[in-house]
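For reference, the structures are reproduced in the following blocks.
Here come two complexes built around chain A, the first alongside chain B, the second alongside chain C.
Right after this comes the complex of A and B.
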């Protein structure tokens, strides 16, 4: 091989090498993400029995969705869960983080680990655990309530339509409060201590310090956690699916959008309608995330 | 090495990728039935440990009778069987030769056009071999769609009532006098009560759920009702279903209730052991669960036929079921058929299988086996096999549909709504409410059924 052609080869190799190196990812991403995504868009306009038997139905899947009571039940349940995730879970996480960030609290590392540890075991384990805790008459929770209050021994947490959502929220609280606490802790520790000293010099009490120093300092992280919590809540599946033993619960009280999508696609075999539900979910999540970011002023330019 | 523009590590990764991808490309996963050149392998998926144990014992006989044939029996979780089979049928992937499928999930395989169902149509084989006439006819219903049969029935699953014999005696109840539900309910109202005076009922006559369809449907089947009829029409809101609902709700709600349920199997066993429940609906398969789960109450349990709706009426119903199907993609349909018949209907295996599972076979030839007449200590010395066999021919049909599971869940919703109404209003306007509710839930199912262009 002559010198100029060898140089050309190595020049070509230098140019092509990055593309060759990222090609495995591109191939995998295109096969398992892009192709299914495009396919799901096509499916959303078809009636189907699996991918082989399909018939074009135009917007019929979306029209049906608008008047499908089960879909709206799923939306209502999921929105309720998301509401509690954001407005109960996150304040609790922040409170815990503030507490465990205080210097006067002893064994902080132990408590941080203890509060975070439920997240380590995963949703399925937690759901199985709580399905035992919630058993009427023989379960730990009802026994404890009965021992303290002398009532509630037969409370059917997972069989009473009005109690299924509280049970789900309780379970999620146990699992995620500690997890979000870690984010808040990291954010709190990133706030410049000199700002607190300055605020104290200005005579700010603890509440004013929180409003004018802590909150602005942790706001970007708080917005991130809120958006991620909302997205996570709208994608809720394993927890209710296992907790309610693969059912939507009494009167569909535990039916979430993803559970409905799953049962439509894989129990009824209607991949077309399931795809339409999936795209509706994308739209919902996108709207809520954008709204949250807007409300929290994420895109405001600093003066 | 200096000729490698990004250093040796990325290059090594690239080489590994190319090598492994090349290896995978030229060594595809072996399909069903492929093995050594001189050997045929039949792969079988089962979802129940008891079935797995029973088949494992009789497979060597089949292999001896078929030199060069090996049976690869695999135990796969029930839900995994369903989802993996569905995905495999859809994507034309490798599937086992034979698959056991449970009644609650089989309907989803019937959704598409008949020619695209992944299981082999067994109707002609069943008729040609005479098996069709030797098996309890109603047991073909769940495994059929559009008048074609796609699976061999594993069982009959007649239903009896299991009761705490010791507590029945203590309460002065003679099960022989409980021939009708009216008599049963009257006895139940006497024993359902608060035992310790704390205002909470501590003893119920029977396990009946106030939110789920599971117990309700057994009682619906007993009356000849169901979710779908033989032609695939939705019947979950017909007059039989309504009558059953109107009768059922007062049994689980209001002051005259005699039934309750705090949860399924593991919790149920606790309730029975604690004397919280005196009876429960008991198909043959459930007897084995109790023997395994609470051996401590051996000798205190017994079985009785279900009370009839009317004097002289049907004394049983049905709950559950399993089929074995041959996949169309199998390369060995005839061998797979022989294996399926051997696993399910080989006479010499019945005794052992019944002792392992307590499940009576659907084929009448097997009903003279000695194991069925053996007294069981756990069940107060009753020959439970014979008790179930005596009811087997009365077992009602249970028709399947891709929408059966949805119909069940909608029925559960109707029960829940009716229970809530009954607790608040009692009989006042209850019949109209129940009718409206049942129809509304059925209409939800009809709306989905209408959207299926393939049936």
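Right after this comes the complex of A and C.
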């Protein structure tokens, strides 16, 4: 029995549809994700100068890395930055979200927009703006500190090795505090209001309500934000690269892992060592994500 | 002092004061940027914020110093292409993963989620080699092709499309819609909020991207705004006024797009996190 060809076409197009819809993704994903990913593993065991000449060197890249002082400087700087992102920036984001989520707050959407607005400015543009904000004497930051604390105007934020990291942390704080606040706010708004009512009936004060209702309610998202924030921080590149005029900064105080990867691979031309640094970054990020998830008890079944 | 609803009025006032102070701190650098861009070279450091006679001189010297208009068109062309392609292909793949059962679906999703955990920088070296072998170094293709579809976008679209009732799709099928027409005329319109949100995410991602363009672009004529501005920081580091004018012009398109799409964006940004 032969079906009419029109019906056959309809059955066929219906069966083929998901494959057709997903195929552009599969092609791009395979070409620009899976293939480079496999290549990158191979690269990590090669030494190269430029994309043309390579040689297999076994574990030499990783052995060299363990004793490479520049690499460890980069790790130290990046970890310091990530530490401040997670433990200074996120509590501030949560604080703002809690304030904004309080009942009877007026102009909520204005505040939300105001806090979020720096995130619309890309990292490079933020860095260009802040390169001027940090200049001695005329920069906004020194002017503000002078006005509020009466300190001198000559602080050279980007030239003093001990001030480079604070400058970076401050810039990132400005850029991301409102962005993370949006997530906390969404989490807070998703907490069941009946739980608060029940807690109030039980006579819990605000602090107890926060510990026993708010915190467990937002915990899954808090873990998510912490992990995303740590991952993002470990990929720090644009801010220091532009702020420090494409240098690692005084005393290499602004050298980050990605910056070191970039200069190794694309200034020095050793794509092999650059890939090895990339995999070290993967390892660091995975370890930290898993550790954070574990510490926050993500896998524990809540009683 | 306690009101009827049991709310401390002083506390409410204090909360507003803290919020207002924080908003001032956050908005001041942006205000300072606008002021700096509109100040003449003599006024720049004379007034902390706005000068009494604003001028467009910085913009004039900016366009004289560098082919800034060219950079803007480059950025606009690349970001627009990437956004359109990403929205289309990501929503299409998201639709397939949300509403069809097919062979290989599970492995694809597992692989997608696994690669999301891997920072893109580990791909830089092999990607550069690949683009080099394809003969695409220093072309727009090097920026557009790898960005045609986004894993993050697919996940967002899939999640929002899971909520579309199957009955709606079946009704369309009975009316004689092909599967693609179903996507185009039923699924996309229903997913409008996510389309809006992801349009902004994709545009911002491309517009602000720096590391990859910095690696593959060489010719000045092809520079995007972040690349050009970074170079200007080095070359024209004393020309603060035109640097700020360039920065202001560079962030305007994103801000305009944000205001057009802000409702969808703020909802879409958090939807995945809160539900997941």
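Here is the rule we use: the second predicted complex is superposed on the first by the 278 of 303 C-alpha atoms of A that agree within 3 Å, B and C clash if a C-alpha of one lies under 4 Å from a C-alpha of the other, contacts with A are read in each partner's own complex, and residues count from 1 in each chain.
Going forward, a residue touches a chain if its C-beta (ideal position, glycine included) is under 8 Å from a C-beta of that chain, and two chains touch if they have at least 3 such contacts.
This is a predicted model, so every value here is computed, not measured.
In this overlay on chain A, chain B clashes with chain C. Contacts of A:268 after superposition on the shared chain: chain B is touched, whereas chain C is not.
Once the two complexes are overlaid on the shared chain, A:174 sits against chain C while remaining clear of chain B.
In the superposition on chain A, A:159 contacts chain B only, with no contact to chain C.
Touch criterion met: A:47 reaches chain B, while chain C stays clear of it. After overlaying the two complexes on the shared chain, residue contacts for A:69 are found with chain B alone; chain C is out of touch. Counting the residues of chain A that each partner touches, chain B and chain C differ, and the larger count belongs to C. Legend: residue contacts after superposition of the two complexes on their common chain; A:246 is shown touching both chain B and chain C. Contacts of A:254 after superposition: neither chain B nor chain C is touched. When both structures are laid over each other on chain A, chain C collides with chain B only at 3-11; the other stretches in 3-11, 21-29, 147-155 or 291-299 stay clear. Touched by chain B in one complex and by chain C in the other are residues 10, 13-14, 17, 20-21, 24, 51, 137-138, 245-246, 266 of chain A. The residues of chain A lying in touch with chain C in their complex are 10, 13-14, 17-22, 24-26, 28-29, 31-37, 39-40, 43, 51, 96, 99-100, 102-106, 110-118, 120-125, 127-133, 137-138, 140, 143, 174, 177-178, 182-183, 186-187, 190, 221, 224-225, 231, 234-235, 237-238, 241-242, 245-246, 258, 261-262, 265-266, 271-272, 274-275, 278-279, 281-282, 285-286, 289.
The touching residues of chain C, when paired with chain A in their complex, are 7, 12, 15-16, 18-19, 22-23, 26-30, 32-33, 36, 44-45, 48, 89-90, 92-93, 95-97, 100-102, 105, 108, 111-112, 115, 117-119, 121-130, 132-133, 145-146, 148-149, 151, 154, 173, 178-180, 183, 204, 207-208, 210-211, 215, 225-226, 229-230, 232-234, 237, 240, 243-244, 246-247, 250-251, 254-255, 258, 262, 266, 269-270, 273-274, 276.
Interface residues of chain A facing chain B in the complex, by the touch rule stated above, are 10, 13-14, 17, 20-21, 24, 47, 49-53, 55, 57, 60, 64, 68-70, 135-138, 153-154, 156, 159-161, 245-248, 250-252, 266-270, 273. In the complex of the two chains, the chain B residues touching chain A come out as 3, 5-6, 10, 13-14, 17, 79, 83, 86, 89-91, 105, 108, 111-113, 116, 200, 209-212, 261-264, 267, 270-271, 276, 402-403, 405-406, 409, 412-413, 416-417, 420, 444, 447-448, 451-454.
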